[in-house]
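Chains here go by letter, A, B, C, D and E, matching the order in which they are written, and residues are numbered from 1 within each.
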Amino acid sequence: MSTIETQMLEVSLGPQHPSTHGVFRMDVVLDGEYVVKLKPVMGYLHRNHEQIGEKMTWLGSMPYTDRLDYFCSMTNNWAYALSVEKMAGIKVPERAEYIRVIMAELTRLLNHACAVGFLLSDCGAWFTPVLYALRERERILDFFETVSGARMMCNYMRFGGVRVDLDEQSLAMARAIVARWPAFLDEFEKLMTENEVLLARTQRVGILPRELAINASVSGPVARASGVAYDIRKVDKYGVYDRFDFRVPVGETGDTFDRFMIRILEMRESVKILHQALRDIPSGPCIAPESKLRGFKVPAGDGYGRIESPKGELGFYLVSEGGAKPYRYHVRPPSFVNLTILEDMCLGHKVADAIIILGSIDIVLGEVDR
Amino acid sequence: MTIVFLTLSAITVLGALLAVTLRNLVHCLLALVLFFMGIAGHFFLLKADFLGAVQILIYIGAVAVLILFAIMLTRNISGTEGGRGSLGGAWWLGVGIATTLAGAMCVFVRRSDLVSKLPYGATEEGVVKEIGKLLVTDWVVPLEIMAVLLTAALIGAVVIALEEEKKR
Amino acid sequence: MSVPLGYYLILGGVLFAIGLCGALTRKNAIAVLMSIEIMFNAAILNFVVFWYYLHNGALTGQMFALFAIAVAAAESAVGLALVISVYRHYKSVDVNEMRSLKG
Amino acid sequence: MIGKGLMDGLVVTAKNFVGSYFDGNRKERLFTYQYPEERMPLPENSRTFPFLVYDGTPDQMRCTACKVCETECPPQCICIVMDRDANGKPLRRPTVFDIDTSVCMQCGICVEVCPFNAIKMDCDFERSQYARFDDLITHLPTLLKSNEYYHQIKSAEATRVDATRKPAKKPAAAPTPVKPVPTSTDMRTEDERQAWQRGYQGEVGAGEIVWPPVVLKKQSARTPLEQSVSSAPAANDVPWHDSGIELEKRMEMAKERPLADKLMAAMAQVDCQACGYDCRGYANALASGESKDYSRCAPGEEPTKNMLEKLMKEAGKI
Amino acid sequence: MDAIYKLIQHYAPKIPDLLALALAVLLPIAIVMGVFLTVFALLTWVERKALGRIQNRRGPNRVGPVGLFQPVADGLKLLTKEDIVPAAADKVVHFLAPVLTVVPAFMVLAVVPVAKGFVPVDLNIGVLFALAVSTGSVLALFMAGWASRNKFSLLGAMRSVAQVVSYEVPMVMAAVVILMAAGTLSSVGIVEAQRGLAGWFVFKPWGLVAFVIFQLCAMAEVARTPFDLPEAESEIVAGYHTEYSGFKFALFQMGEYVAAITMGGITVTMFLGGYLGPGSDLPKIGWLVSAGWFFAKLGIIVVINIWARGTWPRVRVDQLLGFAWKLLLPLALVNIVAMAIWHFASNKLVGWGASAVVLAVAIVALVKINTGQTFEKRSYRFIS
């Protein structure tokens, strides 16, 4: 690097910036094009989520969880429902568990497709990949709307099951989506994964060492790209995940390219899970009979429910006094935790790299700022 | 032709004057570019098209950019020179010397018998070809020396600019 | 139609004087270099002018101008490298502050 | 081979380019809808804002103003005032039913909790308005939609609902002529409206701005009472189980009864299940100590709550 | 120009001399400006439409039939927009920059032979002039970025300066080969040198290599994807024109697109035989046919640009400069050698073979050197 001591350039990337994935700000100090200091500034989208959760009834918080990671409302619902069910000791019927798996894996598909799409958009691929991803995502959203009534804010799960049962028609719809997906992935991979420009841009850029990933409690695809074989679907075996045959891809280098590839490989595994779930889905009730909507109370105590959301470990820590509202309501958002290592990954790289590293972490500001 | 000459000369002199008087270095540079453009225009007027193009290519495309980078590397980004005046202490001396020189030159030119000389009918046809031929025949030794000089300058510039790093 | 040679010579002289004036009065080393470029160009203009007015089918004037341009480019490259090098030592490009000859 | 990836990408984009012109199925590639001309077919479950269903005439609305939805609505965007006749007798239907669509987050929880299948989710999403506040508040006349409309937008669901509903029992209020339905805006003075807007815009603590301010009006409308004796035939067991009887009167009736009955008499007597029970069940739950929360009777509002608190204190339950 | 002057004098001898001269000067300028501004407007539409279709969108389709009047609507909208100048900006420079961006782009047009016998000015240093003048835009871009007093603008401006200066070198070196082959710098002369069956320079091994280098450099010069770093919207918002709005912004866009078109025009002239093509020499309608050929070839270049923009990601700034200096420049130099071999070879076939072999070896070697450790083949573990 140059030894000419030039004036450092302090640039505030965001909150109004095309590629900060929302209202996020990075205070970057640049030496020429090199990042010498980076401070993530968040909180622009803070909406008191946890406080609202403590003022709401148990059920009333469910639609609010949709707004956490607004790409993946299904998994947010599930994580919240899971922790409440743990505390209240509600047994979820089998069919509901299968429906939840289907919804969660579809959410994973759409989230990963869009995440890699936006990552490529950050690389400068002028929206082509992201629009292909949106094209496929549209089908999943159509499915979600058919089932739950809303495309993104699904508010679908309830304590002890799901709100609406899947009829044969919607199951066929889901099967059609899943059957199409590998073709889309092939097209997508052909478009990008061997592109020399992309390889040059992403390989060996933003390396996250395994130790740092563990120390910073990073989770999800970001951690797995760094070689941390940690997937809550395998660790906790929550729901009925122990019945499915699927593998978890783990990278070695932990650079941006690995994070990109891990997502694509995970999508292929998700398709596998979906095939099995759609084949094996049993009949029965979709919600536990003892679950009730009004006057729902949770016995005093606390509970932590976590699931493998597309972005990482999403957990809800709840404390109940036995009343109609939680005493404490805390969210462990994966995006927020994964974002903490941004500076370590960006230092010494260029501005352009910082942008794609941020893109490769795959954050959603609704979840970071809560 | 006189009109064109006068216009171009006005542009050139204006550019030069601004380049040496403006306080902001970047403004100076832009004025200098105006000056270069004026000179290139003169070259075109003098039927030296090739030189005009070379002037644009090298002075505007290379030298100006080089100066630009030097400014950017040594000053703060707005390019202002700071609180102190841009002129040295003995600026009146410099202005005096320059004025004297200009006056003297004008006087000498007026006295010379070349003053009212009119041009030969120079054409631009085939000049480029001719220059090319001359460069590799009669002028081949200067050309080679020039090549060596440019290489030396290149290496020298790199070495000078990088010497600090070696010391560390 | 054409202007006589004297006009050009006076133009060249004036430009050279302006350049000299700048070179003598400016404090900033880069500004000094820019002034020197002006002087160079005044000289190159004269080469071309003399070629245009006094040539006898020979291209010597143009060739000289060409080489002068090349030399000027080399000069500016080295000069600016020196300026940057000096800036590193003194944290300034003020020619008045460059008094020491030691490296 | 360097460059293969680049060329592959070009092939893919070229395929998409050509495909967008020649692909038979338009949904395959050009997946956008040209909105004002084409519309997406909305699935039956799709939901936007709630509306109220009535059978037959708008007067026969299913809503009983039980305020369950008002209580359960997560962002608190519903405001209900129960209608009363000239004597102040509750009519088991709302006189004010406002939904602030600028606050509503379309979660559909009001639909799920409604015990009477009265509130349903609409599919109409073209609700843009010029004004920021008042135009976005939908009032009872706009909210009321016929059962036919409900069948029209969500036929399967509506049929299912009709099947579960008891054969339409004619409401007792049938003889009273339908009076123009007031809205909360009508009931507010201009000052109150402005105060509410100020409060809404975030001037917290700028005075005692009550949300919703209509409550003030309503209570003043209720106080001058010359209580006529209820003509309703009293049930043998629980003679006070009629929402038309005033609270004091009901307490009078249950004076000699055990705690559970006294508690029950304090309830609003609409069996709305907002508390999670019917009136009897809630009273029993409070009496037996199963529940200590005496604030759950939504239709009864403050008087009931105060009365319950008093009773519970007297009994040493809290 | 002279031809028009003579024509005017011939058909309307009564017109005063000065007026005839002015007409002779202004008429071609008007024609060229008119034609190329139309092409520019059309190009913005074509680009948006094609990118839309590439991305499974529809592109503009509201204004006029298939959105054909979209450029007009855009222009009107930009004209009526408020012109915002940042408070801290250097007002004069900020104002001059967009104007100066357009000037070089249009100046290059002066030497592009659009049709047979129609070139605004047939300079005998045509190509050199075009290459020299197109450099001028770099200062305008720098002025824009610097005068805006915005750090994104400045970053974009410095990137743009570094990029244009770097790519200028291999570009000129690639052009040298053509000049060697044609033996002239005149653009018409170069076109005429490509007569004959497969006479276009792109059909020669050295010509092909030079074409690729030149095309890449041209894309970099006018900042098209994958070299659009000066205005990389995902990194530095809009680069040097972040702080511009309204008509000044439109001028930037115009400068950029016209530069892209003229660069394409120069490429067509130098490598694809310019206006040459079957029927371009026909007596009466030759000028029309040749203009058709020219614009058809220009269309191909434009389509390549758009296609690349819709497909490829953008390179990073160090890779961009490395690509120019470490790969394109040496290759261009080797290309000159290959051209010399071709030129001095005893017969055509030997020349073909020898130059092709030299180039192939050079390309393979340079690619090997440059991409030694860059691209890794990754494998992933699977935990089940």
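We adopt the following convention: a contact is a pair of C-beta atoms (placed from the backbone, for glycine too) under 8 Å apart; a residue touches a chain by one contact, two chains touch by 3 or more.
Just so you know, these numbers come straight off a predicted model, no measurement behind them.
Trainee: To get from chain C to chain E along touching chains, fewest steps?
Mentor: Contact-graph shortest path, chain C to chain E, evaluates to 2.
Trainee: Once every inter-chain C-beta contact is counted, which two chains account for the most?
Mentor: Max contact pairs: B-C.
Trainee: Could you tell me the distance, in whole angstrom, between the mean C-alpha positions of chain A and chain C?
Mentor: 63
Trainee: Any idea how many Å lie between the Cα centroids of chain B and chain C?
Mentor: A distance of 5 Å separates the two centres.
Trainee: If you average the CA atoms of chain B and of chain E, how many Å lie between those two points?
Mentor: Taking the mean C-alpha position of each chain, the two centres sit 28 Å apart.
Trainee: Starting from the mean Cα coordinates of chain C and chain D, work out the distance between those two points in Å.
Mentor: Once rounded, the distance between the two centres reads 85 Å.
Trainee: By the touch rule stated above, which residues of chain B touch at least two different other chains?
Mentor: As it turns out, chain B has residues touching two or more other chains at 50, 54, 62, 69, 72-73, 77, 127, 161, 164.
Trainee: Find every residue in chain E that makes contact with two or more other chains and list them.
Mentor: Only 54-57, 154, 310-312, 371, 375 qualify.
Trainee: Return the residues of chain A touching two or more other chains; collapse runs of consecutive numbers into ranges.
Mentor: 3-4, 9, 128, 132, 135, 191-192, 195-199 - these are the residues of chain A that touch more than one other chain.
Trainee: Using the touch rule from the top, collect the residues of chain D that touch chain E in their complex.
Mentor: Chain D residues touching chain E: 2, 6, 9-10, 12-14, 16-17, 20-21, 29-32, 34.
Trainee: Inside the complex, what are the residues of chain A that reach chain E?
Mentor: 9-11, 17-19, 30, 33, 120-128, 131-132, 135, 191-192, 195-201, 203-204, 229, 231, 234, 245-253, 257-258, 261-262, 265, 350-353, 355
Trainee: Going by the contact rule at the top, pick out the chain E residues touching chain B in the complex.
Mentor: Spelled out, the residues of chain E in touch with chain B are 90, 93, 123-125, 128-129, 131-133, 135-136, 138-139, 142-143, 146, 149, 154, 158, 161, 165, 168, 172, 183-185.
Trainee: Would you mind writing out the residues of chain E in touch with chain D in their complex?
Mentor: 50, 53-58, 61, 307-308, 310-312, 367, 371, 375
Trainee: Could you please specify the touching residues of chain B with respect to chain C in the complex?
Mentor: Chain B residues touching chain C: 1-2, 5, 9, 12-13, 16-17, 19-21, 25, 28-29, 32, 35-36, 39, 42-43, 46-48, 50-51, 54-55, 58-59, 62-63, 66-67, 69-71, 73-75, 81, 84-91, 93-95, 97-99, 101-102, 105-106, 109-110, 112, 114-120, 122, 127, 130-131, 134-135, 139, 142, 146, 149-150, 152-154, 156-158, 160-161, 163-164.
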